[in-house]
Each structure stands twice: as structure tokens, then as C-alpha cells.
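The two complexes that follow have subunit A in common; it is paired with subunit B in the first and with subunit C in the second.
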Partner chain A sequence: MITDKLTVTHQFLEELAQHAGKAHFMPSDEIGQALQCLETQGIPNSKNESYKYCNIEAILRKNFKTISGKEQVVSFSEIKKQYAVQEAYNLFIVNGHICTDELEVSSAIKASPIQEISKEISAAHLAQYAKSNTDPMIALNAAYADRGFFLRISQTLDKPLIIHHINSLEGNLFFNTRNLFVIEKNTEAQITEFYYSSNENSFRNTVTEIFVDTQAHIQHVIAQNTGAHNYLFANTQVHQEKQSTYTNHTYTFSGALVRNNLKLDLNGEYTESHLYGLFITQQQQLVDNHTEVNHLKPNGQSNELYKGVVAEKSTAVFNGRIFVERHAQKTNAYQSSKNILLSNDAVVNAKPELEIYANDVKCSHGTSTGKVDENALFYLKARGIGEENARKLLLHAFAYEILEKLPTPFTKEKISTWVDEVLR
Partner chain B sequence: MSNEVIEEHISNEYKYGFVSDIEAENAPVGLNENIIRFISHKKNEPEWMLDFRLKAYKHWLTLEEPKWAHVSYAQPKFNDIIYYSAPKQKKKVNSLDEVDPELLKTFEKLGISLEEQKRLSGVESKIAVDAVIDSVSVKTTFKETLAEKGIIFCSFGEAVQEHPDLVRKFMGTVVPYTDNFYAALNSAVFTDGSFCYIPKGVRCPMELSTYFRINAGGTGQFERTLIVADEDAYVSYLEGCTAPKRDENQLHAAIVEIIAHKNAEVKYSTVQNWYPGDKNGNGGIFNFVTKRGICLDSHAKISWTQVETGSAVTWKYPSVILKGDNSVGEFYSVAVTNNYQQADTGTKMIHIGKNSKSTIISKGISAGFSNNSYRGLVRIQKGATGSRNFSQCDSLLMGNQCGAHTFPYIEIKDKSGVVEHEATTSKIGEDQLFYCKQRGIDTEKAIGLIVNGYCKDVLNKLPMEFAVEAQKLLAVSLEGSVG
Partner chain C sequence: MLSIKNLRAEINGKEILKGINLNVKAGEVHAIMGPNGSGKSTLSAVLAGREEYNVTAGDVLFNEKNLLELAPEDRAREGIFLAFQYPIEIPGVSNINFLRTALNEIRHYHGLPDIEAKDFLALVKEKQKLVELDSKLANRSVNEGFSGGEKKRNEIFQMAMLEPKLSILDETDSGLDIDALRIVASGVNKLKTKNNATIVITHYQRLLDYIVPDFVHILYNGQIVKSGGKELALEMEEKGYDEIKKQAV
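So, the complex of A and B:
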């Protein structure tokens, strides 16, 4: 069994190595360790507990046995024309590479290719929050990432920052992207990442490490609408220092597979974290949201709300874990996940976990799955609203609880149109 | 919580830890085909039973011990266990006078009277008891009264002899020997247990009860219980267990199978009080048990109620397969861990039939250095339209050296299914304590009061006699645990 699995891994790595070099910007012992982890664990399949419903190995075997894609050259002015948002700072990432003529977007924002980060930054942050030994997909990224960007925010931003992820490829391609965000002390920022759809068959394995320094307050929106043939593995690993706030909003619309691994380490006292998620899935999509909130210091607070509308033959997975360290007393951690199933071929798998070692805490989780509320539907129909419209109205209302948490008007508007599109 | 209080708490004695001096007949140490043949021969079993055991043994050899539970322990050395130990006694006991007096004393000490005095003194609630010590059933009471109604309640060994057709028809249908590592082991070496059959339309007039006790050192206990309720039948079944204090870890790997036919109801309650080990985590029972029931046809109901206070390591998931339409599954559990105890327990509710309903109420209490996990699965299969589940898992932490964990798996494949799950973790509220103390109730009693209130939903489901015992047990288990 194990040898079988490793052959698949080996074959895949050989194929990948022809198209991507090793991640040379990574500390060399990190690459060694990552390869070691891959060697022992292999590409995860449904035998791995955290990939129970998300068999990466099968996807790679089926769709990425050979990697034959090519990146296409795009004109910067064109994408700027198409995507740039007036009232925000814009950063364009094409096929994982940073693409801009002015790297200093503002004096408060510094953005550069990940390969160009300084030794100090690399030593202080790179591979500090996303550890290869915790997940083979992080190991794969650590060993083979050949692109990505570094972002530093040193002052409070007067406008939101929007990061546009655009894919422009030919054929099928697998690539590893490594990003690092450093948010410095006493800053406030709103960062939105848009993943736009494209038609090619690609697998993006992204690891983003985020360091939130003392008293920094960050709103981070990730909106994924990558198209029916795209596979996106988004690993977001956040490290929070004391008295900081990190709020994550994750929206998932289209994509053959979208797997979000969101891990928060609350590594200072009085930290606060919020996690909001909305996924609307259809066709044969698989959306797998894994969140992990680690309360490592006392007096932390976390609050999580994930909602999903699961239609047609799609599958949605929610796995939320709250971990409270022994001395992280006075922790308050809440988690809630709600799902609506619209079809008998759709599947919801939920696993909210609590792992608690401190006694003076208040932790709870709740999850519910069901259909559209018949009473509410009846109420609307009794007032002359047709069944179809009434149902849509209720689904919009269901989604709105998450949408209303969005920080910037532009983001809210953009994401609302995506919600409208999929609920149509 | 102050250290001295923890100390006081930990020093609580396990009162069932005595060893009875009963002459026993043992099988040689170890596990191989000959041992299985030996057990089968000792029990005078028919050929098909031996075949079943050997098949299970061969399958077991291909399996690896499961590692996924949130517990850590040294793997039992399966070749150092005595798989058969029986108190020496005459071939067949006809009346209590013939039972070894030492044995009677044992059960007397455990608070279980094998003598049928209760009936004579006119106490309304009657309990029929099947007492199993080490590997064999010693005595089943009230057998004749039950037989009048057509109810079969006897030891498993006896059932194999006297009702082979029934045993053969139902054994292994809910928990096949291929189910898991310990189920395979049990199927190969099980020695005794209880068998219970309630015929069509009969409501069992009294509680049926089995009392398990491990007595001999170096042995493992592998019993098998099979409960079959035919159409429109009802039975309430109780199980209790204790073991002497020993430095070694003794293995207990049981199988319980429940089959409920159309409109039948089975209520299964257990107070598990195996020896939990000493305050340093030495000794204690490893309790690796597979319990599962199936609602075969419509309107069947299976209800599990458990109070878990004992065992060094517990690994137990009483489950219900809701195959019939409109069938009902229930799981009520209180699990208390203290010192270095570890418990990974919960349930599985598999909804297959239409409009099937399940309720899960689990209350975990951890104290000392213990770890207490709830692990459960709720699955609504495609086609199980209108199915409903409600789960609530609460954990109470006493002290800052223990852990409480929840791992619920929820898999829904039908759009009309409604599943709700809630879990909370907290300590005993300062304000609740303050309120009690302010009214002149000392801390100790206040804790007992609050814990009992916290567990009330589950304790209420226990039959009367058991509920009283369970309440006392909770109080003893948590004495001194001022949060």
C-alpha cells in the first residue's frame, strides 16, 4: 500500500521537477526537510485524516500525470485596464508572478518577488509559520515553489489594497506559489485578494504566510472564482502577535477543487480573530474548508462563522478545529457552521473539532445542515412571491449574514455580483 | 483548584478493587489456534462455532491495531494474556446453595444479590441478573419466570448449546468479525456473555441485567452480548462491570449486538466501572469495546445510555444503524475521567431508512491529568429522506492539567435531512458555585449538585436503581474536585 502511494508521489515529483526548479529562495535545510517529509508521507489521499474527503493524489494521478502547460505573456497595461480599481491600491499577480511597473505601490506598501527578499526577512519569517512537517502540501510547496511575492505594510493604509490573481496559461500546469505578508506594528489595513476565473486546467498550490505584528489590525478578504477547470489549494498560515486583530473572509464560488487551509496562531495575549466564510458550490465541485485556530496565549478571542449553499452534484467539506493550549486561560472561542443542501446528489461533510487543555475557557461550536426553511418559504409565497423567487430571496438572506461583514464597499459590491451570478 | 484538594480527590479509593479467592481453571498463556480450539472444546461448542472463531482469528492476524483514537497507551501483549479463566465449580448449578460461597460473597460485596430475596420482600421492580466472572457466566436468576413468557435470557455459552439456531442466525450480523481489530479478536476468543431473545409482542416484565467481573490476574475478558427483540417486543437491559486493582493493564474487548425488529424497542444501559488504575496511571483496564445495534424494520427503537467512570483507557462507540423507516436511535452518555484516565468515546448514527431520527446527548467531565474525547459520526445516506439528528456534546473541565476534546463527523447526502450539532466546553461557573455557597451549601456538595444537574439529561434516562448508583458513583468519582 505505502509503496504504491510513494510511486505515485515519485512519478509526480519527477514530472514536476521538469517544469519547476527547487525553491532556491528557501533556506536550504528547509528544502531538505520538505523533501524528507514528502518522502515519508507522500502526496495525501483519502487515507490521511485531514484529506479524508479530498483525495489530492487521485486528482494528480488523473489530471496532472503529465504537465505540458505553458505560461502566456500578457500585457501589463491590458490587465491594468481590465481589472484596476480606482479607489484602491492595485497589485497584479499573473500566474503567481508579481506583475507591475512600480513595485512601491505606495510608501506604506512594499511588494517584491519572493526571490528578492532580504536575508533578515527570510530568516525571521520564511517557513516559520507554514511548517513542512505539518502537511505534505506545504512540504511540496516549500520544495518546489518557484514564484510568489512578498508584501510588507509598514503604515496604516488610507485605501484598501486589492491583489488581483490572474491566470494566463496554455495546456495543463501545476505550480507552487509562495507568498509572505509582513504587517508591521500599529498598522491598519484592508487587503482583498481576488482569484479570477480562466479556462485552462491548472493546479495552484499556494502557501501564504502572514505575520501580524503587535497591535496591527488586518482585514483580509479572499474571494475565489477560478472557473470550472481550476484546482486551487490555498494554504494561509497566520501568526498573530499580542493585541492584534486579524479578520479573514473567505468566499468560494467556482473551481473544480478549492481547498482552503486556514491556520491562525494566536501567539500573543489579548489577540482577536474573526473568520467568516461563504461557499456556494455546484456542478461536480469539491470545496474543502479546513480552519484551525490555535489559542497559544491567555485572553485570546476567536469567532468563526462559515456558511455554505451546496447544489447539484457538488461536495462541501467543513473542518474547523479550535485548539486551546494548557496555559491559554480566559480564552473565548466560538465556531459555527451552517449549510443548506439543494440537491440529493450534493454532499456535506462537517467536522467541527474542539481540543482543549485549559479549564478557564469558554468554547463552543455548533453546526447545522438542512434545507431551505419551509415556513419562511410559505410566508413569502403567501405574500405573492413565486416559489423560485422566494427560494432565491431566502438563499440571498442566508448569504447576506456573511456578506455584511465585508469591510470595503467595492469588495462588497464585487462579491455580491458573484453571489448573484451563482445563485441565479 | 488548589493542589491539596486535587490530592484529596486523587487519593479516593476504588472500592471494588478487592480480589476474590476463587479457585480458577485457566487456559495456558498465549494466543494461537490451539487456544481457540481449547476454548471451543471447553465450551463444548458445535463445529460451526469453531469455524467462526478460526475464521475470525485468521482475519485478525492480517489486521493492525487501530491508532486513530486520541489516546496513548502501551499496546497489550496479546501473547501474554490468558484467554480463558473459569471459576472452578460443579458442571451445572441448579440452586444457589450449590454456588461457591466465596463467589456469592463477591457479588454480595459488589452490592448485587444473586439471591432472589427482592421478589420475596415484595419489592416491585425486579431485576434478572446474569453474573459473568472472568470467562464464564456463573448464574442467571429469574430464568424460569422469564421462560414462562417465552423470553430467553441466559449466558451466551448456554444459548449456543440450547438455542443454536437463534445464535447462528443473528451472531455477527451487526458486528461482523471483519469489523475492526478488537471485534476480530473478540470473535476468535470470546468466552461468554449474555444472550437475550424477546419473542414477538412480548414486553419483558423486568429489567435484564448482566454483571461482568474480571477476577483472575493476567487474564483478558472477552465477552459477547447478543440481544434480539422480535416484532413489537420491549426490553430494558442493564450491564455493570468491575475489576480488582492490579498493577498490570488488563484487556477487556467485548462485543454487544442488538437487533430490533419492527416496532421493537431495546433500551440498553450500562454503568462501566472497571478499575481505572492508580493515581500515577499504573494498571487499570483497557476497555476496547464494539457496541452496535440495528433497527431492522420500521418504527424500531434502540437507546444506549452509558455512565463511564472506570477503565484506564476507553475506546467505545455504541452505535445505531437506522435501517427501518421511522426508526429511532438514541445515545445518552456521561463520561468521567480522572487521574491519568483516557476516554475516547461517542457514537455513530447511520440513517438509512426514511424519517429516521436520532438524538445524541454526551456529557464529558475531565479532572486530574485525564483526557476525555467525544468522537461521533452522524451519516444521512442518500434516500434517507426526512431524517433528523440532534447532537449535543458538553465538556466540563476540572483543573488545568486535563483535556476535553470533541471530534464529531457529520456526513449528509440527502437534502431533506436536518442535522444539528452543538458542543460547549467550560468549567463550573464561579457564579453557580457562589450562589450555592451563599445558601450554606459547602463547596464539595455544591460541585456534586452542579455536576448532577449537568448530567441530569442522561441520568434521567437510566432505570431507577441504576440512576441512584450512578449518582453516587459520580459523587465519589469527583469528590474533592473543586473547580
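So, the complex of A and C:
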């Protein structure tokens, strides 16, 4: 069996190597190590515990046996016209490539293609937070990423930053995107990443490493609405220094498959982290959220709330891991996941995983999966509201608990319209 | 307006309503009294269309329509309003959005278009005043974090907004202090016309000092065991329900 699997891996890697160069911007040993990890582990399939519901190998074998896609040329001015948000700084990423007429977005924001980062930055940050040996998809990315961007925030932003991810592809393409965010000391920023939909059959394997320095406070929104034919693998690996705050908001609306791996290392004292998630799935979609919060130093706080509305024949996974290191005393870690199933064919797998080695810790977790509240439904009907609108109101209300956490007005509005569209 | 004949209903195989007969005409106020557990809330829930209850016998006509055949939302659209004994909290649904949706669905049912935004706001303002509901509450989520009294007042506010033909107030007085009681009662009285009717369900006579009924019915063990004028309520207050209970045995 093992040889079988590796054959698939080898075939796929050969195919991929023809389309993507190796990731030469990575630290020198990394590519070799990544290939080694791939060699031993192969592309993950349902036999891997953490890919139990998310058989990447099968998807690649079925839909990306050959990679025949091309990137289409797009006009920057068209993109700007379509997506730019007035009250924000805008960054446009087309097929994973940064696309802009000036790389200095503001004096506080610096953005560049990942290939152009300095040796020092590469050595200091790349592959430090996303480790190839923890996940074959990270290894795959480390070896073959041929695009991505570097973002440095050096001062508090006076406006939110919006990063627009646009796909413009033809055929079926698999590509690896490597991004690095460095958020410097004592800065505050709101960053929103929108993944827009497109009709092409593509698989994006994205790794974003985020370094949050001392006393930096970051709100990071990731909103994925990539369309029914797209496969998105989003690895977000965050490293927090002391007294920093990192708040992640992950929204998933469409996509054939969306896998979110969100890992936070609370690597300084008095760090604070919030993880909010909302996914609304339908048809035969699969949305797989794996979160991991690692409390590595004392006095850290984390708070996680994920909600899902799972309809039709879709499947959703929430796997939330909390790890508290032996020295990480006085840690507070909370986690909750709530799901509503809208059909008998919809499936939710919700699983908290707690591993706690410190003794002076406050930690709680809870998960619930159910249907729309019948009492509330009857109350609405008793006021003349029909079944359909009553359900819609209640689902909006369910989603609202997450939506209200959004910091940026434009982002909140945009995501609310996406919620409206998908709950329609 | 409402005619209930030999209504029997059960839940989980247990019969709760055991042959109810009741007639309510436009312009009338009826009070239904009775000890806890006698089936008052069950009767109101069955009339409003709660699916958990299984109607095993009887007929209910509401303005010549067979009420029991209608979905709960259609009963509301026909003009039935139930003020819940325990109003439900719905976090995330704003009171205003909820009411606008309800009002518009009722209007569509009667072939009317959506209410104009400014007319709606004017209506909200007017009706808020009627029940002395804090305007902040109208903008909050439905009943979320409301005190017991605020929830009850919100029920009457909704009733005022939707202008039903038949209102059923299920223990709207319970948990209210005397001031709140007076406000709620005066709201109900102001909404009274010769074309609508009210059924006031209560455990105590107190509310009936403010909302004066034309008829009083005593419900016990799933049946109306006694009916009379408003003096029956006072009689019950003095003697308590013990005599009724003894007679029923």
C-alpha cells in the first residue's frame, strides 16, 4: 500500500515540477528537507488522522492528474476598478502574484513578491512557523512554492488593509503560494483577505506565516468565497511575541474543498488570541477547519468560537486543538463550536482536543450540533412569518454572533452580503 | 368570530384538553382562569398552531375558516395573536427587523405591498408610546436580555403593531409589578375596538381589575367547568379553586 501511495506522490510531483520551479527564496536547507518529508509521508489521504475527512491524494488523482492550466493576463486597471475599496489600503494578488504599480503601499506597509525578500528575512522567518515536518502539504509548499508575497507592517495603520485574491486561470492548475507577514513592534493593524470566486478548476495550496512582534495588535480576516470548482488549502501559521494580540476571523462560503489549518504559537507572556470562524456549506462541499492554539508561555489567553451552517450533502469538520506547555501557567483557554445541520445528508464532525501540561490553567471547551431552534421558529411563525423567512432570520441570527466581531466596516458589510447570498 | 366545539388535544399521548367549548364574538373580552396545570397554555398553543400538540377531536372556526387546517403563520395572518406566557429570546434578530418582516408577510397575505419605510417608522413610534416601551428595546435583539416585564410589554407592543382580530394573552400579568401591569392593561384597553376580541388567560383576578372581562370561564383539568360574568372572577378570588377541584372529583 505504501508503495502505491508513493507512486501517486511521485507522479504528481513530477507533473508539478514541470510547471513550478523550486522555491529558491526559502532558507538553504529547507527545500531538501521538505522533499525528504514528502518522500517519507507522501500526499495525505484519509489514512492520516488529521486528513480523515479530507483525502487530498484522491482529489489530486481525480482532478489534477495532469496540470494543464495557464494563467491569463489581466489588466491591473480593470482589477483596481472592480475591487479597490476607497476607505482602505488595497493590495491585489492575482493567481498568487502580487500585482501593483507601486510596492510601497504606504509608509507603514511594504509589500513585495516573496522571491525578492532578503536573505536575512528569509532566514529569520521562512519555515520558522510553518514546519515541513508537521504536515506534508506544508512540505509540498516549501519545495514548490513559485509565487507569493511578503508584507511588512512597520507602523500603526490609519486605515484597514484589504488584500484581494483574484484567480484568473484557464484549465486546471495546482499551485503553491507562500506568503510572509511581519508585523513589527507596537503596531496596530486590521488586515482583511478576500478570496473571490472564479469558475476555473484550480487547487491553491497556500502557506502564510505571520510573525506578530511584541505589543503588536492585529485583526486578521480571511474570507473565502472561491466558487464551486475551486480547491483551497489555507495554512495560516502565526507566531506571537509577548503582549501581542492576534485575532483571526475565518469565513468560508463556497469552494469544492476548503481546508483551513490555523495554528497559533503564543510564544511570549501575556499574549492574547481570538479565533472566530463561520462556515456555511452546501451541495457536496467539504470544509475542514483544523485549529491549533499552542500556549507556550505563562499568562496567555485564547478564546475561540466557530460556527457552522451545514446544508444539503455537504460535510464540515471542526477540529480544535489546545495545547498548554508545562511552564505556561495562568493560561486561560476557551473554545466553543456550534453547528446547525439543515438536512439529513449534511454531516458535521466536531472534535476538541486538549493537551494540558500546566496545572494552574483555566480551560473550557464545548461543542454542539443541532437543528434550528423549534421554539424560536414557532415564535416567528406565530407572528405571521412563513417557514422560509423564519428559518432565514434564525440562521442570520446564528451567524450574527460571529459577524458582530468583525472590526472593519467595509469588511463587515461585504461579508454580510456574502452571508445573505448563501443563505438565500 | 371564534367558535370552539368539543376540542380535545394531547401531547406525548397524554390528553390535556378534554372537550373545550367556547364562543367569542367581536368586541368581547373573555377571561379564562384556572389553577396551574389545568390546560390554559395548551389551549392557547393549540389555537396558535403549535405542532407538538395533537388535536384528536373537535372543531375550531375562526371567522368562518377552519382554523385547525391552517399553518401557524396563516393563523397569524388571519388575525390570531398569541402573547406568549414565556416569550422567546432570539439573539441576533432585531426587534425592528422581525416586526417589519412579520408586518409585510401579513400584508402580502392580504394582497398589500410592503409598508413604506417612513410609515413603518411612524407606526413603531406611535405603538411604542402606547405601551411605554423604551425605544432602545425596539432596536435590540428580540427579547434578548429583557427583564420579565420588558418581555411582556414587548408582546403587547407586537400586538399593537400587528393589529390582530383575536388576541390571546397567556398570563401576561405574571411577573409584572403593579405599574407594569397598569401599563400593559392600558395598552390592551386602548387597542380594543368593536371589531376585535381578546382572551385574557390569568391565574389571578388582579389583572381583571384593569382589563374588565365580559365573560369569565373557569378551566379545570382540560374542561371549562364554569362560566359567568366578571363577578365570577371575584368569587374565585375569594373562595379559591378548592371548591371547583372538589366538585370535579
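Keep in mind that, in the parts below, the second predicted complex is superposed on the first by the 424 of 424 C-alpha atoms of A that agree within 3 Å, B and C clash if a C-alpha of one lies under 4 Å from a C-alpha of the other, contacts with A are read in each partner's own complex, and residues count from 1 in each chain.
To be clear about the criterion, a contact is a pair of C-beta atoms (placed from the backbone, for glycine too) under 8 Å apart; a residue touches a chain by one contact, two chains touch by 3 or more.
The model shown is predicted, which means the values in this text are computed figures rather than measured ones.
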Overlay on subunit A: subunit C relative to subunit B, clash or fit: fit
Touched partner set for A:Glu401, first subunit B, second subunit C, both or neither: second
Which of subunit B and subunit C A:Leu342 touches, first, second, both or neither: first
Contacts of A:Leu13 with subunit B and subunit C, given as first, second, both or neither: neither
Which of subunit B and subunit C A:Val85 touches, first, second, both or neither: neither
First, second, both or neither for A:Leu354, with subunit B first and subunit C second: first
Partner chain in contact with A:Lys381 - subunit B first, subunit C second, else both or neither: second
Broader residue contact with subunit A after superposition on the shared chain, subunit B or subunit C: B
Contacts of A:His365 with subunit B and subunit C, given as first, second, both or neither: first
Which of subunit B and subunit C A:Leu393 touches, first, second, both or neither: second
Minimal inter-chain CA distance - subunit C and subunit B, angstrom: 14
Shared contact residues on subunit A - subunit B and subunit C: none
Contacting residues of subunit B [partner subunit A, same complex]: 68, 382-383, 395, 397-427, 483
In the complex, subunit C residues that touch subunit A: 48-51, 71-73, 75-77, 81-82, 84, 87-88, 90-93, 97-99, 101-103, 105-106, 109, 141-142, 158, 162
Touch list for subunit A against partner subunit B, complex: 49, 326-327, 329, 339, 341-371
Subunit C contact footprint on subunit A (complex, rising order): 375-376, 378-387, 389-390, 393-394, 396-401
